[in-house]
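Paired with chain B in one complex and with chain C in the other, chain A is shared by the two complexes that follow.
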Partner chain A sequence: MGRKEIQQNGKLEPFNLMQKNSHKEPTHLFSKRFSKKKVLEESVTYLLRTLTYLVIVLAGYLFLDIAYKGSKAIFKTEAPFINTQFLTEKPQTLHVFEPLEIDKKLSKIRSEVLSLNIKTKSLSSANTEQAKEYSTTIKAHNNEIKRLDILRKKDRLTFSDTEYRALEFTPSLDEFKYNTYAYSGGGIGPAIIGTTLLVFGSILIALTMGVLCAIYLSEYSKPGRSLQAIRLSILNLSGVPSIVFGLFGFGLFVLYLDWGVSLIAGWFTLALMALPVIITASEESMRAIPKGFREGSLALGASKWTCIRTNVLPYALPGILTSSIMGIARVAGETAPIMFTAAYALRDRLPWEGLENTTDFFFQGVMALPYHIYVVSSKIPQNEYTQNMQYGTALVFLLIVGSFALSSIILRAKVRKKYDW
Partner chain B sequence: MNVNFQTDSKKSDTPSTPKAVIQARDLDFSYGDSQALFNINMDIHKKEVTAFIGPSGCGKSTFLRCFNRMNDLIEIAKIKSGTIKISDVDIYDKNVDVIELRKHVGMVFQKSNPFPKSIYENIAYGMRIQGIKNKKELDETVETCLKGAALWDEVKDRLNQSALGLSGGQQQRLCIARALAVKPKIILMDEPCSALDPVATAKVEELIHKLKKQYTIVVVTHNMQQAARVSDRTAFFYLGRLVEYGPTEQIFMNPENPKTEAYVSGRFG
Partner chain C sequence: MKPENLQPKDTIPKFSKRRVVLWGKDSDSIIKGFFGCTATVAIVVLFLITLFLIKEGAGFVGQYQKSLKLYRLSGLEYVEILKERRADHTALTQYLNGIKGEWIKSLKDEGLTQKDISKTVMSKEAKAVFIGYLRTSSDLRRFIKEKMDTAIEIRDQEITNINLKESLDNYAEKISLVGNYSFKLSPEDRAEFILKLKEDSQKHTFDKEKLSSNRQLIESLQDGIPLNTQSREIYLSLLKNEYLSTEKLIQPIDFATSILKVTNEKERYFSILEKTQSDMEAVLDKADLIEFNNSDLDKRRERFKELNTIFFNKLSEHKLIIENWDPNKLVPFWESLGSFLTGKEWITASDQQDWYGLIPLLSGSLIISCLALFIAIPLGVGAAIYTNQISTSLEKNLIKPYIEFISAVPSVVIGFFGVVVLGEAIRLMSQLGFLSWVPFFPIQERLNTFTAGSLLALMAIPTIYTLAEDAINNVPNHLKEASLAMGATPLQTTFKVIVPSALSGIISAIMLGFGRVIGETMVVLLCAGNRIKIPELSDGLGVFFQPVHTMTGIIAQEMGEVVNGSLHYRALFMVGIVLFIASLIINLGAQWVVKKYNKMES
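So, the complex of A and B:
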């Protein structure tokens, strides 16, 4: 290799370069040489590094943005610093009372700014003097607006629905301007509970079905055409868009099996969607178990199932758990599959409230965080109060999904410790 | 044909030897389309050590794995014709329970394969899967098996530590002890010492010698000296055929077949 390079250098590089090099310091066998290859090498490294950091920066920005905006909803400045109302209460209409005086002033200034803007536009280009004057007034007005806005935010009164109803004296409408905003008050308690239920249920279903399938595929099935076909279809399944899964779940579970829009329909739809990942990951984990474990066990008179149960599954478990829970955490974030099958935009009762039979528990729709984000972002008029709700929900959702992933990693570490190989 | 004649003659030569526990008759074995064993006839005698020697790929492991039907695990493996009887039972008969067979015929693998459990649990595994839960019985068996495999003194203070922490030689003896725990009558060993150093090898050989009193042992080896040291009978395989089979001294000192002579004297292999 080295020799080749030297030869190449000798041919490709201009003669004086070589000479210069040898002038500065005596060239020994391993002395550094300039070559196009090296430049290419370095620029490729540089490019790759920049790209990687760019991705990381973007992801970091995304997360920080959500964390910053969301924390306004979750945290408070006074003790206990956590906005328990947001985390536990149901979504409610927000009742807002803004000081009338300030509001009047604000709207006046705003209309002035507007008219000034129009005037500026209609000015001829020659009249620069006048334009300057206008723009300074606009600036002043804008500053005034900012000041007043801060005052407005300080002096306004906001009530969630329950609070509003409990009020003894409603603020007088002579002093305050009264407005209501749907979905902007209260909290996201039912959605947190709904999502947790959805995730746990679908993990349970998907893990059981997935691991059983994987056991069959890795231990029992015979290699051949049909196995290849199964593999291929599983692979294809993982490429199906989530909305199609949603539609499928809607058709099969909600309509045909007549489960209605319900927790259980959502579980199965989500589980189905996570299955390909779980099956593939579990099968791989099981295949990674050395042949010796199986042979050793069988040679001692273990039946096939005993061998799998005692000498394959335990050692494959860490791998199965991590990749499966990661997979399901991803799937649980999907809105499309639960949109038609399990999610309600608003539900007053918590899942365990007001059940006639215990089985009713499974056949009720729930609120869910991803769907809630969708609803507050696209189904209601946007205003300054909904943003809090959107980002707060997003942050809580991220934290929940993240904690699932984290717990899977911890679980793996624990199981690994027990079944190390 | 020649082969056949030899084995048969051996049998009639030594009528006073102990009864044959494993009898292979006209065995043809193939992996898919490629035949691995051709017309093997062999009697393996009770409480003796029988060594299989022969160049790589000649079918020693294949033949050995027929005795506890480990070849069942290989999809394409098939016995085309012939029978193998153990204690006069055709082990490929439909009525044979493979699990019972494997309890009767234990196996130690070339690459030692202790389970990633504690030393104790490794030995207890064979009993646990039979549903034995009695702590006292387990304790006793673990101790006797470890003593039987000459490992007790080395590990008695660390029974609850992982078996993976043992040295290679200890691991192999642990695998032997594990095989003993299900109380087999026959033990098959496929190159048990191939991964071990001379000291560990000597220990395993010593152990084989000791176990001979109670068990019938079949051992595959590439080490001529080892075959000569531990075995009572030696079988030489070549290209899927049993070339020569007889008492070990005869195979090594006075082989009938020139190929055997060439192989044991190290002129090919």
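So, the complex of A and C:
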């Protein structure tokens, strides 16, 4: 890029430049020359480059932060290296016992630091010596706090609900400070299972209806105004906010049809949300197939259906697959539509446990990863004990959704190269 | 095409009609019909969403109209007018307290100790002003409280009456149902019947005969025995008893007389107002005695006096409004719709009057979206221009999928990041010493417009980037080549030829980005702070650091706890309709921009 510019500048105004620069050292036609315009161009280029990399760095920070802190919950330093407990267990309350003595010392020093801070602030600006003295004491206190914190972490005991109930002797409250944190113990097994069920059920419904609808629209229907209108409105429906679909699902499925907060209500709500996207994408990939393919097969006497089956669908399939994987990523990532149609904040039974009828399977609420993230990030405080659950859930969820999205992006690039007519 | 498909299986050509399979149709048209049916179902279901939203939302207008009518008839509106004066007085008191606060601060700056400061501030003259001013409104407050309680009592009685009438209707329906001989007990009816029998037994604890017969009946009902003539009679009589006792509970309200309880004593109210005014004037005279020794504070005192004069001047107008207030003025339906669309308050489950006004939510949504777009447009469009025109192909192959991948990051994860990292980071940043010159720093709330807006920008960037990049990519190559051939530099070509010809695409990309941002739920629910209040523009740029609530956020937050069919439920559907229409307009607008530009070019 740089060289091109120089060449053009050189070609544009060689004589002017030569005359202007004649008193300086001699230059040949293509040597680098200083010009205001070039500096401007360079700086604009750098500005655009900075903007681009800023986006990359900001998003990268988000990914790395979640990946780093989340991996503490998912991975272990010992043999299988994966914390299966976190991935399979049910969410539980975390019981924490902190050594009381150290805790008392800590709170005492902390309050001293606080009072010193206030004192420093109330000092007038002339009194620098006193201020210096305060700041050295504060520093010493802070070091002491750090030391005690390490001790506290060494001596503390944490139990999940099941572990706590299995204890023969609970630690005595004379020696330990006892705290509980909701949702922070155990794992996210039911949430992973719930999300899987929700995604597969809804994508099955959406894909069946969507592909069949797309086949009709692209192959059978007569082109005309009404078809155009239908196409346009489906396209517009794909831009409707997901919360509106959630509102609809809540009103129709949960309340009006009285299915309650259930798997099946979630399926239909999510399927309806994905439907416009899948119809549009599938239809597009079918329409992209050249007319000659169909005409050739029809000319040889194939029926319409045979033509579609053998000469349209096979070539459209990669496109449909790509769009459906993107649909899965979208469906799996949404929280708003399932918030009040399918998701429970906490459910300690797995979906297939304790069913009286088989139909009960469809009419039960489930836990879901996105809703679980919402709950643990808004309903419980943030501290060292809850962090594992929060970041771990976020990382697992990001990995699941990200793998779908990534495979869709890679597939699409491949498909574009392969079928480019 | 596979070769075996080309070979006909039968050597004899068949030009006859296809074989009939079912109902006189051949297989092909059946398949077509099948596809047609599914397509119709899918499309109908998608349109059902629109219909259902409108159906649920439409009831809002009527219900809200009724609620507003009751608000007027019960006299609550009248009390609300009275409360305006009280609110003004409170605002004035706050202004006075502001002066006091500043006075203390200036004394502190002079180097006085805490003791001296409190001595000065609590001196006799100062006390007379600061505390005396607060006391001037005590009569007014008491009077308004009295009237408000009366009005609320009337309103609650009316609501109870409406509920009782509803249950009366239910009983009447039930009685006519049970009276029919084909009526069969459902499990719920059975449980209800048993419950009523038990209640009946409790009433007649001394009537042993009745008790034993009741017990027998309960046992037989629990065994699942169907209704016979005798038990039907008992059931009917129980229901009728309940009907009568409920009917007795209804105490119809005559609004013409009840309203007088609220609106009488106007003379007393006016005299209270006059007394308040004279008290306030007396206090204001005393205010001159305080020696601030500070020109700023003197100025503020003068301003305070001016504000008080404005307050006094308003009183006569206020009296006029009160005289002319008419409880029987009609509430037309467009007033209820208008008060939804332009209402400045969203108050639910209050003990006075519920207000469903869109403006705080709409303005919250808009301010967050504008901030997000303000950040996302330069980044998204800049990155699109960079990757398409300037970068090397390796960079392009890496950056493009990366940014596309960002669009797949679930919104709840981004919101979570905002709660645990970004919000805290912004608050810490605002507390840094070298940033203290910024007028609105340090900020109070870590979750505010800026937190949500900057995260939404991250979500809008991929949308804007992908579409804008597409648009730039679609500019015909010959334009670029022609420009370069004329001797323009690559950057000149990019900014003067390529970007202008892709402008329609870029604008539509920005509009679609806006659509994505305004419809986003989880990020705003988690990070926007969720305070239902219109952003105060008087704060300057500080407006971006206030917590707000949004249209999507309110649906997500309140939908879980509403009663089916209630006014609140319908209000949320109305918000949903507004969102739906907004997204349709944005989408159609984006398409229209592209279409119009294409026409102009050709």
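Please note the rule applied: the second predicted complex is superposed on the first by the 356 of 421 C-alpha atoms of A that agree within 3 Å, B and C clash if a C-alpha of one lies under 4 Å from a C-alpha of the other, contacts with A are read in each partner's own complex, and residues count from 1 in each chain.
Just so it is clear, a residue touches a chain if its C-beta (ideal position, glycine included) is under 8 Å from a C-beta of that chain, and two chains touch if they have at least 3 such contacts.
From a predicted model like this one, the values you see are computed outputs, not experimental measurements.
**Student:** Please indicate which partner A:K222 is in contact with in the superposed arrangement: first for chain B, second for chain C, both, or neither.
**Tutor:** First partner only, chain B.
**Student:** Per the contact definition in the header, classify A:L406: touching chain B only (first), chain C only (second), both, or neither.
**Tutor:** second
**Student:** Considering only the touch criterion stated at the top, classify A:Y315 as touching first (chain B), second (chain C), both, or neither.
**Tutor:** First partner only.
**Student:** Of the two partners chain B and chain C, which one touches more residues belonging to chain A?
**Tutor:** C
**Student:** Let me test your reading of the model: by the given contact rule, A:P381 touches which partner, first (chain B), second (chain C), both or neither?
**Tutor:** neither
**Student:** Contacts for A:F248 in the overlay, against chain B (first) and chain C (second): which applies, first, second, both or neither?
**Tutor:** Only chain C; A:F248 stays clear of chain B.
**Student:** Which partner does A:G292 reach: the first (chain B), the second (chain C), both, or neither?
**Tutor:** first
**Student:** Look at A:L51 in the shared chain and tell me whether it touches chain B only, chain C only, both, or neither; answer first, second, both or neither.
**Tutor:** second
**Student:** Touching A:W305, do we find chain B (first), chain C (second), both, or neither?
**Tutor:** second
**Student:** Both chain B and chain C contact which residues of chain A?
**Tutor:** On chain A, the overlap between the chain B and chain C contacts is residues 293, 296-297, 300-303, 306, 310-311.
**Student:** Any idea which chain B residues touch chain A in the complex?
**Tutor:** 68, 70, 73, 75, 99-100, 102-103, 106-107, 109, 111, 113-116, 125-126, 128-130, 162, 164, 175, 178-179, 181-182
**Student:** Note which residues of chain A are touching chain B in the complex, please.
**Tutor:** Those residues of chain A that touch chain B are 222-223, 290, 292-303, 306, 310-311, 315, 419-421.
**Student:** For a test of understanding, state which residues of chain C touch chain A in their complex under the given definition.
**Tutor:** Contacts found on chain C: 1-2, 5-6, 8, 18, 27-28, 31-32, 34-36, 38-39, 41-43, 45-49, 52-53, 56, 111, 378-380, 382-383, 385-387, 390-391, 399, 401-417, 419-421, 458, 461, 465, 487, 489-491, 512, 515, 518-522, 525-526, 552, 555-556, 559-560, 564, 572-573, 576, 579-580, 583-584, 586-588, 591.
**Student:** Which part of chain A faces chain C closely enough to touch in the complex?
**Tutor:** Those residues of chain A that touch chain C are 1, 4-5, 8-9, 11-12, 37, 41, 44-45, 47-49, 51-52, 54-56, 58-59, 62, 65-66, 124, 208-210, 212-213, 215-217, 219-221, 230, 232-237, 239-248, 250-252, 255, 272, 275-276, 279, 293, 296-297, 300-306, 310-311, 326, 329-330, 332-336, 339-340, 370, 373-374, 377-378, 382, 387, 390-391, 394, 397-398, 401-402, 404-406, 409-410, 413.
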